[in-house]
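What follows is a short report on a single structure.
Here the chain labels run A, B, C and D in written order, and each chain numbers its own residues starting at 1.
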């Protein structure tokens, strides 16, 4: 079972985890990832993030990533939830969970999905700082490198 | 903050996840792993697992594993909870969570800790099947291989 | 008419989020980009290759030059920064 | 006396979970294992190298042959299967 959701309302990893665990019948392993907005990456502290996406296209691109993970590792359930709009510091921004028979598949698939989501899914992040200044975040080379690792370290 | 706990009472990943998330201040990434008792790995379905450990020694060995992970990846919080005694099918048996600034550290450390826990921490699993038969589980070569991968793929 | 949608920082750098242009301008997505870049040096700079991650035609991400005609919608996506 | 504790399947295969033996038997952990293996072929089989993952002396995992004397506790651990 795959579930992909883009939402403007707060993301609750605890609630999502409860649902996910309940549905992971016959799975021996669940790996979940929670991405949280950090406030102090820059000199001027962040007030909140604003995230834009491309409705329909974003969902389709994430579905492709999940499908690609599925061709590489055997897993049963996968949920990807990404929040968009205004997101305050310390709030969850993304949640990915994978349930599989054994642990390695769940770890690899979850990390793969996150690495590809970072480089392939149409989301754009703008930082609004406490002094009122704001800036669109630049794509990171390190994210490209993390993604390219999977070309060689396929499994 | 590191927390290691061996317990006979049921393990609740949801409750633990809530506590862990609350304490992960200034962390951008949380990865959690839940290991669940599978019922149908063998011809005769499992009724429950019985897990024995070596009190004090088990905790010390897990602390060493967490410390080794910490020398390799920068993370802030880590919790390892392992249940012992009688554990029914579908119940969680182990829960590992790592919180760090960025995602890669949390993914790597959590997977590393699980791989080493499997091969180094003094736990012994006995399967009690629905027909009343029982057997101590044999150590798996694949677990040794997963551990050895970290010798080369250190980071 | 062809609808063009701009995303992320492109919107602000170009001062536009959506526009409609005459379909006569261009037979395919490569010609469309040339057309937009030829507006002035600012457009050429903002729409440089480094600033374009992908193009989307009618909600499908495209990987090659793709024919476009009246009624089509083209999304221009800068490098993504989600997660 | 030296206390010996057996874990996992060793307990059932040897029919014993804990015992005390005279400290005269052995100066170190290597001699202790020889002593136990010499009891009979069953003990020799069950306590083969493949069945012993680690030894623990006074709650510390040891990695080399370690001296033991009266009052010490030795744990014999078969390969582990947790997680």
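Basically, a residue touches a chain if its C-beta (ideal position, glycine included) is under 8 Å from a C-beta of that chain, and two chains touch if they have at least 3 such contacts.
These numbers come from a predicted model, not from an experiment.
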item: Maximum centroid distance from chain A, chain identifier (CA atoms); value: D
item: Distance between chain centroids, defined by C-alpha means - chain B, chain D (Å); value: 26
item: Separation of mean Cα positions, chain D and chain C [Å, integer]; value: 73
item: Chain centre separation (chain A, chain D; CA means) in Å; value: 49
item: Chain A: positions in contact with at least two other chains; value: 35, 103, 114
item: Contacts with 2+ other chains: residues of chain D; value: 83
item: Listing of all chain pairs that touch each other, if any do; value: A-B, A-C, B-D
item: Parts of chain B lying in touch with chain D, wherever the complex brings them together; value: 35, 51-54, 56-57, 60-61, 82, 93-94, 114, 117-126, 136-140
item: Interfacial residue positions of chain B with respect to chain A in the complex; value: 13-14, 17-18, 21, 24-40, 90, 101, 103-104, 106-107, 110-111, 114, 146
item: Residues of chain C defined as touching chain A within the complex; value: 5, 7-9, 12, 53-54, 56, 59-61, 75, 77-83
